[in-house]
Amino acid sequence: MTTPSPIEYVDAPPQVRAVYDDIKKTRNVADVNNFWKYLARDPATLKRTWESVKQIMAPGALDPLVKEMIYLAVSVTNGCPYCIASHSFAARKARMSEAMFGEVMAVVGMANETNRLANGYRVPIDDAFN
Amino acid sequence: MTTPSPIEYVDAPPQVRAVYDDIKKTRNVADVNNFWKYLARDPATLKRTWESVKQIMAPGALDPLVKEMIYLAVSVTNGCPYCIASHSFAARKARMSEAMFGEVMAVVGMANETNRLANGYRVPIDDAFN
Amino acid sequence: MTTPSPIEYVDAPPQVRAVYDDIKKTRNVADVNNFWKYLARDPATLKRTWESVKQIMAPGALDPLVKEMIYLAVSVTNGCPYCIASHSFAARKARMSEAMFGEVMAVVGMANETNRLANGYRVPIDDAFN
Amino acid sequence: MTTPSPIEYVDAPPQVRAVYDDIKKTRNVADVNNFWKYLARDPATLKRTWESVKQIMAPGALDPLVKEMIYLAVSVTNGCPYCIASHSFAARKARMSEAMFGEVMAVVGMANETNRLANGYRVPIDDAFN
Amino acid sequence: MTTPSPIEYVDAPPQVRAVYDDIKKTRNVADVNNFWKYLARDPATLKRTWESVKQIMAPGALDPLVKEMIYLAVSVTNGCPYCIASHSFAARKARMSEAMFGEVMAVVGMANETNRLANGYRVPIDDAFN
Amino acid sequence: MTTPSPIEYVDAPPQVRAVYDDIKKTRNVADVNNFWKYLARDPATLKRTWESVKQIMAPGALDPLVKEMIYLAVSVTNGCPYCIASHSFAARKARMSEAMFGEVMAVVGMANETNRLANGYRVPIDDAFN
């Protein structure tokens, strides 16, 4: 029974290093975040999660900044401290301004409020929405 | 002890009608959604909620489509059926394409997954994020 | 593989009937709600849950109406349709007025909003609170 | 890319100072909590949130202690550490006794349990509740 | 603006059919569930989700029944009606007995309760757990 | 207004000592965890919670390891730091291997993802599940 600890590149087996290398190259960073170093305890989960994140967060019909702000909105709603810190950082790196941050937070706060008002008032879905 | 029921315009007191009128004018719609008709049971909450929503969802540093997609992302995370239906509708009206919808859902799904992986692996926040 | 179905009094084994009898006597009702009829599939859970609910919801430092409104506030926050319906009913039976209902919903909505603002703005706990 | 930091009164622009002044006067306190000092990064959200909180938490059909206990119940359900600390403090200031605290926690715990039992047993809503 | 609708095999493009074929073969079923038919609106999400589910739910250190019960426990905690129905079905197919179901529900209910008690009593983590 | 603090055995009243004694005997440990020492502020909740946990977590149709992994899965989904730490510890004590831990996390992550995909795509429940 040992405490979880991060797996650094020098200590990592080849299949973990391969994922770290791809993260560093794709994101143009010198080292990977703690998230990946802890996930590396399970190389299958590390690889599958990275490949999914890489595919989903790539530019598409939505640009990367919008995707990062949505990621942040979900993390704030769930109250995940690590995720809020890491995706605030990522969104700012993708050029989220202070004004944009304020608006994301305002929408997240309001949506969490009206979600509960709709629950509590037991509002039936309008025909127009179906 | 009566079941909640919607308050229609013709039955509404003046302060409720004033809110309905402003919603209809602001959104250029013929009638308000069920959400407002149920909230009208408490005119103070109706007025405060509408004024907050109106302020928050107006164009700003983020355009209305991005705000609607964030609203939808929160509603899907919380599992609010009314809110998912109404904000899917609103986002499509604001020109969310089918491809954009697919990408919002993919990001929301992935964020909900990695939020729990960060929790479960007890990942400490990187110094770089502070 | 059968669909869950309610267990009616006439079909219930003695230990289930004993719980139903205690619910009916304690609450002065002619029949128990669906919640108990479905829980009866597991008589140990039925008995333990009823005894806990009976103990917790009895008058104490808080009166039963306040307890019912707190129960409703939690159920609305979690988005449990059955629980919202049953505890709205129970709170009204305990004399929650329409004005009280409106205020409970307003507090629940605001708390859900500010919980996320505190998360998103990463607010550290004031020394005064510890 | 800077870390969020609190905005103190001396550094605050006039519209932020106006909100701080109203909080201090309304609550009869010497300084505002961290929550407001962080929210001040977005003066529009600061002002809107304070005005909503002020309106909602004022005495009405429910007294302020009951409202604070409901706020605490929601914050505990959502697992917001800042909000649990600040609203425990506020509820005690509003004369929540140790016995009341214990009963709030007991109801919150039980509601969170039975919400999931109702989900898992897929209990249909009783006709009597509609 | 059209309502979401399921994509049946006969109407599906080749890359969707390939996923449907693999689901049917892997699970030895005549048709795929609604979940996949709706996800097929976004073939990339359909493929990625199926491949992840297939990898994760395969026998490993845990047998498939345990995995299905964990899936059900999460779905009940989140209150996802579709997921509760589909994973109750899947768990029973994997030989979850009525007694096992009752114990899963009891653990889920108790965990949701004690999670909130730990939050509300602000319990610090024991040194022994680190 | 005092900060919550743990109640140690030497300071505990008789009814609290009786619960501590039963926990120590049942679990064969020298001292109880912080969770119980904080809950002891309300002896009725302490006793009821321990008796429920003792009954629910005993061997039954499911073995204790499976129950601990389900408890962990719920705690990770809810994001309760204390509960994640304590039930990771308890599950490892009950012989959860590193490979099992990785699979529990993978299932929890995937379930949290697909729960939201089912919400967002508004998937209707298959007839076969009812």
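Chains here go by letter, A, B, C, D, E and F, matching the order in which they are written, and residues are numbered from 1 within each.
Note that in this section contacts are C-beta pairs under 8 Å (C-beta built on N, C-alpha and C of every residue); 3 or more make two chains touch, one makes a residue touch a chain.
Note that this is a predicted model, so its numbers are computed, not measured.
**Q** List every chain that touches both subunit B and subunit C.
**A** Joint contacts, listed by label: A, D, E, F.
**Q** Assuming a repeat means more than half of the contact pairs shared by residue number, which candidate in B-E, B-D or E-F repeats B-C?
**A** B-E
**Q** I'd like the Å distance between the centres of subunit A and subunit E, where a centre is the mean of that chain's Cα atoms.
**A** Measuring from centre to centre gives 21 Å for this pair.
**Q** Using mean CA coordinates as chain centres, what's the subunit D-subunit F distance in Å?
**A** 27
**Q** For subunit F, write out the residues touching at least two other chains, lowest number first.
**A** Expected reply: 41, 44-45, 49, 52, 56, 77-81, 85, 88-89, 99, 102, 104-106, 108-110, 112-115, 117, 119, 121-122, 130.
**Q** Quick one: in the complex, what on subunit B touches subunit D?
**A** Result: residues 3, 44, 48, 52, 55, 130 of subunit B touch subunit D.
**Q** Using the touch definition from the top, list the residues of subunit E that touch subunit B in their complex.
**A** The contact residues of subunit E facing subunit B are 1, 41-42, 44-45, 48-49, 78-80.
**Q** Going by the contact rule set out above, which residues of subunit B touch subunit F in the complex?
**A** Contacts found on subunit B: 72, 76-77, 79, 81, 84-85, 88, 104-105, 108-110, 112-117, 119-122.
**Q** Using the touch definition up top, name the residues of subunit F that touch subunit E in the complex.
**A** Residues of subunit F touching subunit E: 4, 33-35, 38-39, 41, 45, 49, 52-53, 56-57, 60-62, 66-67, 69-71, 73-75, 77-78, 80-83, 85-89, 97, 99-100, 102-104, 106-108, 110-115, 117-119, 121-126, 128-130.
**Q** In the complex formed with subunit A, which residues of subunit F make contact?
**A** Those residues of subunit F that touch subunit A are 79, 89, 92-93, 98-99, 101-102, 105-106, 109.
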